[in-house]
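Per-chain numbering from 1; labels A, B, C and D assigned in written order.
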Amino acid sequence: MGTQRFGAGIWHFATYLDRYATDGYGTPRSVIDAIDLAGQVNDLSVVDINYPFFGGNFSNAQVKEALDRNKLGVIGITPEIYTREFVKGSFTNPDAGVRRRTHELVTEACEQVRYFGADYVKLWPGQDGWDYPFQVDYGTLWKHSLDGVGQLASENPDLKFVIEYKPREPRVRMSFGSVARTLLGIEKIGLPNVGILLDFGHAIMGGESAADSAQLAIDYGRLFGMDVNDNYRSWDDDLVAGSLHPIELFEFFHVLRKNKWEGVWQLDQFPFREDSVATANHAIDFLKAAARGLDALDVDALKEAQSRHDAIGALKIAQKALFGAM
Amino acid sequence: MGTQRFGAGIWHFATYLDRYATDGYGTPRSVIDAIDLAGQVNDLSVVDINYPFFGGNFSNAQVKEALDRNKLGVIGITPEIYTREFVKGSFTNPDAGVRRRTHELVTEACEQVRYFGADYVKLWPGQDGWDYPFQVDYGTLWKHSLDGVGQLASENPDLKFVIEYKPREPRVRMSFGSVARTLLGIEKIGLPNVGILLDFGHAIMGGESAADSAQLAIDYGRLFGMDVNDNYRSWDDDLVAGSLHPIELFEFFHVLRKNKWEGVWQLDQFPFREDSVATANHAIDFLKAAARGLDALDVDALKEAQSRHDAIGALKIAQKALFGAM
Amino acid sequence: MGTQRFGAGIWHFATYLDRYATDGYGTPRSVIDAIDLAGQVNDLSVVDINYPFFGGNFSNAQVKEALDRNKLGVIGITPEIYTREFVKGSFTNPDAGVRRRTHELVTEACEQVRYFGADYVKLWPGQDGWDYPFQVDYGTLWKHSLDGVGQLASENPDLKFVIEYKPREPRVRMSFGSVARTLLGIEKIGLPNVGILLDFGHAIMGGESAADSAQLAIDYGRLFGMDVNDNYRSWDDDLVAGSLHPIELFEFFHVLRKNKWEGVWQLDQFPFREDSVATANHAIDFLKAAARGLDALDVDALKEAQSRHDAIGALKIAQKALFGAM
Amino acid sequence: MGTQRFGAGIWHFATYLDRYATDGYGTPRSVIDAIDLAGQVNDLSVVDINYPFFGGNFSNAQVKEALDRNKLGVIGITPEIYTREFVKGSFTNPDAGVRRRTHELVTEACEQVRYFGADYVKLWPGQDGWDYPFQVDYGTLWKHSLDGVGQLASENPDLKFVIEYKPREPRVRMSFGSVARTLLGIEKIGLPNVGILLDFGHAIMGGESAADSAQLAIDYGRLFGMDVNDNYRSWDDDLVAGSLHPIELFEFFHVLRKNKWEGVWQLDQFPFREDSVATANHAIDFLKAAARGLDALDVDALKEAQSRHDAIGALKIAQKALFGAM
């Protein structure tokens, strides 16, 4: 457990807008400001960075320098395929020109991944989907989703691509909307370098048990990344990890360890009204406690209880390990 | 459209219990009573029958006679793998003996399918899943789900098996919980005679767009059956079709016709407090109007609007066709 | 904390039916069987008993004897105004005869409250409401709800009546559906002996923060009782308390103590597939830990954090107290 | 019906931002641009205008001129008490200075109401509430909500104040979250000039039946305004009215007419990716059809069906009237 590494989306340290507070939840920050804040968090090793860089025109070298002075590595690059030019879709845009532009932007992001030595390109096609019945031809839409990702993956066999699925927001219905739908798509694409980034909150807002989703993705050899947060199960509130559903989050970590999945535990939180460093620290404290809880978990007793589907017995074992470690 | 056939689950004409009204929502009815009520519905051609037969010990010949006098055929047989002996699971029960008993009961149901000349065995494993975090080993559970179905399908290559997925109820979390998860499982089983029965209400309660789910299942060659009803999107209320979401239901039918899917349009409604014949008639009236609406739909204009993802334009075309036909 | 008393609905120790497992989740039990099981739970002081008694014809004396030998008192009597004769409504039934029958049954339940020295009559009008748009005249329905409760309360001024609100189930939409709606109704009735029984699970399935609901009911002087359980926020799963939302449950208890609300902490769980005694014991262990957590809670620091709406600061204080006590 | 007037929030004709498309869903528009677009809509009589005016520094006279040339009146003024300075709350902000600033801004909005001859000040305290358990003292928060509104209403007895409740967004939990909670608050305030603006979409996303909510607000004499849109019942998608839930929307209008409620039918839609004029026109076409449907509705037959709670009978009558008018 001592070696567990922690990460965060760099947007954790930005400020936010929404459709009501159009002047933002705080003064704007650049990616450099955000990196410097990330550097203040205890035990953060890596960040996921949006591309293009937000808040100004920064060179790769400038970003690299900021990362270095904060002792941060880059785990992933997230091309912003959900901004104005993509609001009617990125891979699935009805306009072939915008689909090409998506391809170009992600291709640029591939270069960033290489430059920063990151683990993957993160694809989060938040505008791909539909809002209304009858709006789209579903077959065409899905084909465009898979063609777009497939082309990138085959053109860049040296890189990994992770798809972060989400049921909705900003699009009312998203194409890559669940773990199973995404796996179906990935199997259809049929390339080894496409996988899933599993967001705990996206899973539970979609009615999934996140631990089950993780097991399924692992069984297909496709769990390439993950991040955590919390919400009230109906929307992606991106609250601090462990605040509402500590036991289900602990189970999620348990399934990862049980399968010897050894990647980074990342944060994808949006502290709209909170101090971002304090929020990250609080989450990581919870994650460390959860990791200690895994050390303490009586896995043989748990296995035995699970072999009988003994809910109360299994829960008792899990609660004891988790709460004892807090 | 003149040839569109309609069907219903025979339980539509039963009375119901729940955990509060334990003495039932009406006097108990036998399967024979229910068939005689089904016979009073206008334009009902086929029924899906639970096995064992409810409400008494009836021979196949007695049931056949009741069907004949009501001019009803049998589309499917639904083995009751969700009653007392199966409450901790049927295919996924922790007890191998119960898993075998599931196999036996479904095998008996296969005989019924042959006897009645039905189209398929319907598998609805409502108790397969879990209630609590940490209760089960997800990998084992899923394997049991697929092994159980796969064995039956390979032992009975002359028959079709349809899986009716549902997110929850009675199990809090169900194994076959979404269209994509079920397709993943079916592809893993890899046999030609396993498909999906898509319930409109189960799709929308799971946050799916039912028309998209239908397209996906069709694209995999796995849409073997369907049924309709309505609900408030968060629970399987099994209300009368068209009562709450007429446009989405119309879109579902549109996708079927567009793909030349020509199966029976079935009802899976639970009229707890309503007259079951009146409820079925009202639903079929809506379905007939929807079929007329499909005839009237300007498919070229719709296609054009969809090619631009023009939501308002497409909606206008669809509403005009549907409402004009009512 | 040493004096905190615990209770349970006696149905916790029954077996259940639902619309699928119509033969039940176990062999039927009588109220006497259930009382004997309740007696096996550690630290259970009182039970809430359905009237009429289930599972046989038992005299008050027989029930009393069973209670005595198990050292159990009676906190409330729950008249079964949701069984077959009431499926179209109890207080709001369209048939005046059924409304009168509701009145009679609750009046009989009043006698039971007096006989057993219970604290209140519990009203849970689970069938009062509607399923479909246009089904009812809302004004009439609400008037019948208030008239029915008001008449009983004014005829029995020596007794307390508690209304347990719930958003839905078995009725798709229930009249007394939220804390605020119920308080509005109670204020309209205007009698001192009508209050609320707040079920934690009903609050969270309705999107309420249960602690806020408790504060509101207390501020109106109407929090007469409470019970706890857990669910996935969209349906009344009646799972074991503390299994999914321990922090929100802890906050609920915190608000009670802060207001010096000193009633019984009751369980309203439905262990469909679990051992009912083990489930009750596990819940009470959690409740005891939560009570110790309240003792340990740094209320001054919490107050200070709350004065600044400091979410992370407050959460840290609360988690430390709760988890430290487990 | 010929005299039914239609209105819209002026933001219907703006462009939008969200936390992902931070550069917006289109080029920014000023309030003047938006008014000129509103003027292109068929049969729009009035608009609700945000204050301060968005997109530039405009005088009242300039705004008035734009309204005049588009033949538009002003129904309400919506002070922006949900922008950056209010993100931790407006009436309930922990900082007394911000609470005062809220008071000032709304007081300025009162002047606008007088200047434009509008019907009301619309209060939508979207940031008042909480995100996390333990974050706030609920009693204090609620008191601040009521004190803030009450003070304004008593200082401006010549004006009406409407509270638009909503369960969540942008705050995860909002203080004025349901129709009943808001009525409780208004009754506590006890002034005649505070009422409710009922948003159809907010009602259904909160699990309310909007028609029932309208009846309740009317029964308390507090339904001062309304607006319509549609959503998938779990979030405020602000889709075009009638697109998903036409029957429930028709029932909502039916309850208004039945009670002789004769206010403006307003639109509160957010056409993120659609043409705003086309979206408004499509909605108003639906509203006009619904108004014709009310003319055609067999109210005596409906009343009779409702007296028996005959869901199918009532639904048949309603569907016939609505669909026949489309």
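We take it that a contact is a pair of C-beta atoms (placed from the backbone, for glycine too) under 8 Å apart; a residue touches a chain by one contact, two chains touch by 3 or more.
None of the values given here were measured: they were computed from a predicted structure.
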Exercise for review: Name the chain whose C-alpha centroid is most distant from the C-alpha centroid of chain C.
Suggested key: A
Revision key, fill the gap. Taking each chain's mean CA coordinate, chain C and chain D are separated, in whole Å, by 35
Review point. Where the centres are mean C-alpha positions, what is the separation of chain B from chain D, in Å?
Key: 39
Revision key, fill the gap. Multi-chain touching residues of chain B, meaning two or more other chains, are 88, 131-133, 168, 232, 234, 240, 243-244, 247-248, 273, 309, 311, 315
Practice item. Work through the pairs of chains, note which ones touch, and then classify the graph as line, ring, star, complete or other. Key: complete
Exercise for review: Using the touch definition up top, name the residues of chain C that touch chain B in the complex.
Suggested key: 16-26, 54, 82-84, 86-88, 126-127, 131-133, 168-170, 172, 232, 234-235, 237, 239-240, 243-244, 270, 272-273
**Study point:** Contact set on chain B toward chain A in their complex
**Key:** 88-89, 94, 130-139, 142, 167-168, 173, 177-178, 180-181, 183-184, 187, 206-207, 209, 211-212, 215-216, 219, 247-248, 250-251, 254-255, 302-303, 306-311, 314-315, 317-318
Study note, to complete from the structure: As the complex stands, chain B meets chain D at residues 232-234, 240, 242-248, 273-275, 278-279, 282, 286, 309, 311-313, 315-316, 319-320, 323-324, 326
